[in-house]
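Each structure below is given as structure tokens.
Each of the next two complexes has chain A plus one more chain, namely chain B in the first and chain C in the second.
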Partner chain A sequence: MNGLELIKQAFALQPVGRIPWVPFVGVHGGYLISTDAETYLKSAEKITAGISKAIELYRPDGIPVVFDLQVEAEVLGCDIRWSEAGPPAVVSHPLAEGKSLKDLTIPGPDDGRLAVCLQAARSLREKYPDIALYGLITGPFTLALHLLGTDIFIKMFEAPKEIHAIMDFCSRTAQKIADYYMQAGCDVVALVDPMTSQIDRQTFDTFVKPYVTPVFEQVRQNNKLSSFFVCGHAQQNIEAMCDCKPDNISIDENIPLDFVKEIALEKGISFGGNMKLTVVLLMGSEEDCREHALECLDLGGNTGFILAPGCDLPRETPSKNLITVANLLNDPYQQEIVRTLEKKESTLEIFNMKDYGQADKVIVDIVTLDSESCAPCQYMVEAVKRVAPYFEGVVEWREHAIKKMEEVSFMSSLMVKNIPTICIDGKIAFVSKIPPEKVLVAAIQQRINEKLKLKIKSKKSEIILLGKDDEKFQELKERVNRAQTELGKDLEVKIITDQKNLASYGVVQLPAVVSVHYKIKSEGLVPSTEVIKEWLKEL
Partner chain B sequence: MSELLAKIAECIEFGKINKAAPFPPQMKGQEGADELTRQAIDEGIPAQQILTEGLMIGMEKVGIKFRENKVFVPQVLMSAKAMSTAMMHLKPFFLSGEVKEKGTLIIGTVEGDLHDIGKNLVSMMVEGNGWKVVDLGTDVKADQFVAALKEHQNAIVGLSALLTTTMVNMGKITKAIKEAVPEAKVAIGGAPVTDDFRKKIGADAYSPDPQGLVEYLNTQVA
Partner chain C sequence: MMKIPLHIVSGFLGSGKTTLLKKIIHTYSGQYRLGIIQNEFAPANVDGEELINTGKDFHLLEINNGSVFCACLLGDFSRSLEKFIDTCHPDILIIEASGLSDTTSTAEVILSGHLSDKLFLASNWCIVDTVNYHRTGSLKQRVEHQIRMADIVMINKTDLAEEQMVKKTVEEVRITNPFAEIQLTRFCDADIHIGQSAINKFYPGHNQSLAKPEINSMVMKSGKKISCESLVLFMKEWAPKSFRIKGYINLENAETWAVQSVFEKTEMAKTSQRFHPTELIALTDQFTLREWNQAFRKLS
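And now, the complex of A and B:
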């Protein structure tokens, strides 16, 4: 099934085999093709190239053409200021600076950067017929705020008629822009109105609802899909947003996903969100992204849910983080691994593995999900099984299936992050990729050689001479010294003449020679019982 | 007397500016913060008392309601407008030194970010709690914060950002401030900001709402 169909299915609240995903690539598209935000947002070619790159990397089911809520405002006369790393900001508000509504006309498709956005939409449509294309329009309240500035908040109380007139204009503008995007081939019209997060339910019902509802209605009449995005803390308005009758609502990390799910499904509309933009996607590690994405997937469920970031992606979001999300989404094995690990991590006990792998035998550990149900795990275990006979008696191998708690602890203790992984004597050797037989044999052989070297180095012996201070004992000492010299050995020679100590060596007749072999097994730490047992086996 | 101060507090809480103001509907035709504050001064109530037992009480209630999502930006702006109307009457007492500020907050929206709604709300709340606020505006660079901090010794710095793309500048600015004035305290806030983020950049305080910053500031009063 292609992405567009999958999105349609989710919008229709039909259960899906795989949850669809829509990364909100805005100026991040520019980042992908090394272009600053301003150059990017002013060029249909650049936008097309950036989004194409995003599609190639992130394998989305749907994607916005442009994420810039200043396009309409700029056409309507707001001054904007560009920055390198983000979408532009509105810096002047015509309706607060002498202009009146009569001076404004609804933008046409060729006006300002609208032409650029629509051209990009057409090119992407042609290039990607199977992906849901989102046309983003500035919500009426956010547009009104651009036009009037923050006076809008106080004027809602002091001059409500004026605000209603402005909202009406912004609503008609939104309907027109929706039309342009649909004609350019977009499948979904997303009305983005973040400023509505700043007002209460009653104000929303009075000043927003009557002006966004017709936009969604119009999209429906054109047999296209609509979505209502609100970035920001809009929890108080979720129900009111649903009552405006969009086909989908999309929210950000400020609002708990399960809360939105409950309301949206009750109202019979689909919902999306709400991956954390900064602490996870922008600043987090790949593991953070995997865990967090899975958390969203499990909360959202397979009916009516679309995985998406909470709002537009920061420009410099590392691609590897988003690729990680895409990989997870397409790989049920990986999801199960992350799920298993996540559940168990809280009660995890970390073993001290500093001295692991010091036994005579070389230990090969294979960390798997479960070699019976996970194909890559199975192949990895088989690879080890195949080479083990070459090292009969020298190598011992074990599988650690992380479905068991103690194996998860073992995995974490070895600092293994990926499944499957082969460790040789406690060191990570092969991650995810199954090594060819020769490579695996060489790796094990190398470890055996290392150990041999170590063994020779670390062996120390001592000779203890027991006796009375008599002639016989003198003779013995001389002979031992001579033997040492002839052999070129450097042994520790300990002389014991104290009668009381003799008995402790079990010696009855004097003089006597006792030899002792030492081997340093560990230094400066208390080895775990598991490890000590390995050593004891050698004796 | 205390009844009058309670009325003033109520006007601030509900954003009743003056008698002519239509908002809020339930207080239509009643006297507002403007008239009542004048009246309190005329009755000889000390300005400090009007501030702490009237205006500040009202502002604190708004702050708490805002935190609890019971009121939103429009209502808070109305309260702030009522507050600043009342403050016009108290200004001479600040200038004469009869009313003292608790301390100084230097505030600004960080470099690259032009959004000021959040920062202005915070300024109003902090001012309404008896602090002096030095507002550096929007798109404020690290050296501007440092310069202001050198001018206003012992001030606390507040950084605001709305965008995920600009919040990263908070880290840079916090670092620059701490390098220039190691004992300086930096508080951060804004829609995308979290306490995790605060820890990452080494700032001293984060609050998801203005009232939280007011509370933090009050713990810093010597």
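And now, the complex of A and C:
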């Protein structure tokens, strides 16, 4: 099943085999192709290239064309200030600065950056017929705030009629823009109205509901899908949002997913969200992302849920974090692993593994979820099993299935982070990927060689010469060297002339020769080179 | 490196935040190197200009990207803040949060990632405009949210309001936040403590500097609802490990409890909050957010 079909299935509240995923790639698309936010948002080619890159990396089921809630406002005369790393900000409000509604006309498809967005939508549609394309439109309340500034909050009480008129204009604008996006080929119209998080239920019902409902109605009549995005603390308005009859609502981390799930499903509406943008996706590690994505997946469930970030992805969100989410989503085994580890991590005991792998045999450990239930784990165990006979008696292998507590401890003690992993003598050797037989054999052989080398080295013999710094002792040292040269032996020769140490060898007369086993070979005389050679042969 | 104490100043549009900042600058700019971060939802940074006109010496970071209310803009914000700290090396940081911003999310982001190595949350003030508090109506939601996470609530402009009105405002603030210190002020003429002096005030008897490297402040948010027993056990376990914990916990029985602990002294009170997730802030030198989160997730 392709992404678009999967999204449609989730919107229709039919259970899905895999939860669909819609990364909200806005200016992050520019980051992917090394373009600053301003250049990116002004060019249909750049947007198409950025989103194409995101599709290639993150394997989404749906994706927005552009995430910029200033497009309509800019066309309507708001000044905007560009920033390198984020969407622009509105910095002037025409309706608070002398203009009136009569001076404003609803934007046409060729106006300002709308033309850029629609062109990008058409290109992406052609390139990706199987992915759900989201056309994002600025919600009427947020647009009204752009046009009027914060005066809107006071005027809702003091001049409600004026606000209703502005909201009506913004609603008609939203309907038009929705139309343009649908004609450009978008499958989903997402109305994004973050500022509704600022108002209470009653105000929402009065000033927002009548103006967003027709937008969703219009999308429905065109046989397309609609979504209502909000971010911030909009918990008080979730029910009211559902009552505006979108097909889906999408929320950010400020609202618990289960809270939304309960209300949305009861109202027969699908829902999405709410991965943490900053703390996890932008700043967190891959591990954080995996754990958090799984938490969302488990809370959301497989009916009517779409996994998405809470809002527009920060520009510099590390790609590896989003790839991690995509991988997790497509891999039920990995989900099971994260679930298992999460449960067990807090009561872990960490072993001291400093001396692990020092025994004579080479130990191959395979850390798995459970080779019976996890296919990649099974293949990894089989790979080791296959090569083990080559090293009969020299190599020992063990599987550590982390379903058991002590094996989780073992895994953490070896600093293993991914499953399955092969460790050779306590060192991580192969992570996630099953090594080809030759490579595995070579890795084990290398370790055997290393150990052999160590063994040979540690057996290096030692001979101790004791004496005073006199002629006799000089002679002894020379003969020992000579014997070594003649034998071709490489010995450790220790010279001891310190009176205190001499006593500890039990030597009475000097000079003396003591072998590595602390056996006194001679004392009080200088033996011949031939004799010394015989001794050295024994060592 | 010593950590920098961070103070948050919040309050609805026009409540008096800039006045308070001017007071702080006036009083402390000779004594400390002040770093002020302004994030007002204003067309041009009028307030910033007003601060500069005080003629005093301090460092100013203006965030012009509209209002930092939206989680997606916070990453950008924390980057500028980091750069600001590295260039200006302030002794004390004060953030003026816009009237529309969510101070808890702001704190959450500032206190995680790289920035958490550089600063800790020392106090959170919220200024309430007595005259307009009852007129904010539709925006109560945001105002309440700011009040609820404050350590000190200044009920300002009391000279312009009837006594009855002031009394009513105090009562309402008390319902929202049972533990905050409430100060009645005119032109923000409050008893202002910043830096170490604020710490001495919150932790009487604790004379050491809290600005040490091990100190961590953190924000936990969760949609999970727990039982009353778990709440008690949780506080019993974590309060002794913290200098301070405060926040709101949602229970299974649909009640919300405000909790506050200073060292081991824990207070709890039922509140009438609705529509907010569980939010807790801790100041500690003994645990990490990860450990704290995990412990909370395991509760029943």
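The criterion applied here is as follows: the second predicted complex is superposed on the first by the 451 of 539 C-alpha atoms of A that agree within 3 Å, B and C clash if a C-alpha of one lies under 4 Å from a C-alpha of the other, contacts with A are read in each partner's own complex, and residues count from 1 in each chain.
Quick note on the criterion: a contact is a pair of C-beta atoms (placed from the backbone, for glycine too) under 8 Å apart; a residue touches a chain by one contact, two chains touch by 3 or more.
For clarity, every value in this text was computed on a predicted model and none was experimentally measured.
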Clash-or-fit label for the pair chain B, chain C on chain A: clash
First, second, both or neither for A:Pro109, with chain B first and chain C second: neither
Chain B versus chain C as contact partner of A:Pro435, first or second or both or neither: neither
Dominant contact partner of chain A by residue count, chain C or chain B: C
Which superposed partner A:Ala89 touches (first chain B, second chain C, both, neither): both
Chain B versus chain C as contact partner of A:Met156, first or second or both or neither: both
Partner chain(s) touched by A:Pro318 [first = chain B, second = chain C, both, neither]: neither
Which superposed partner A:Pro214 touches (first chain B, second chain C, both, neither): neither
Contact residues of chain A, present in both the chain B and the chain C interface: 81, 83, 85-86, 89-91, 150, 153-154, 156-157, 198-200, 203, 231-233, 235-236, 254, 277-279, 282-283, 311, 314-315
Partner chain A, residues of chain B touching it in the complex: 15, 21-24, 69, 71-75, 77-78, 81, 112-117, 120, 163-168, 191-192, 194, 196-197, 200
Contact footprint of chain C on chain A as seen in their complex: 81, 83, 85-86, 89-93, 149-150, 153-154, 156-157, 194, 197-200, 202-203, 231-233, 235-236, 252-259, 276-279, 282-283, 299, 310-317, 345-346
Residue ranges of chain C in contact with chain A within the complex: 13, 41-44, 64-66, 69-76, 78-79, 99-100, 102, 105, 108-109, 112-114, 135-142, 145, 221-224, 274-277, 291, 294-295, 298
In the complex, chain A residues that touch chain B: 27, 81, 83, 85-86, 89-91, 150, 153-154, 156-158, 198-200, 203, 231-233, 235-236, 254, 277-279, 282-283, 311, 314-315
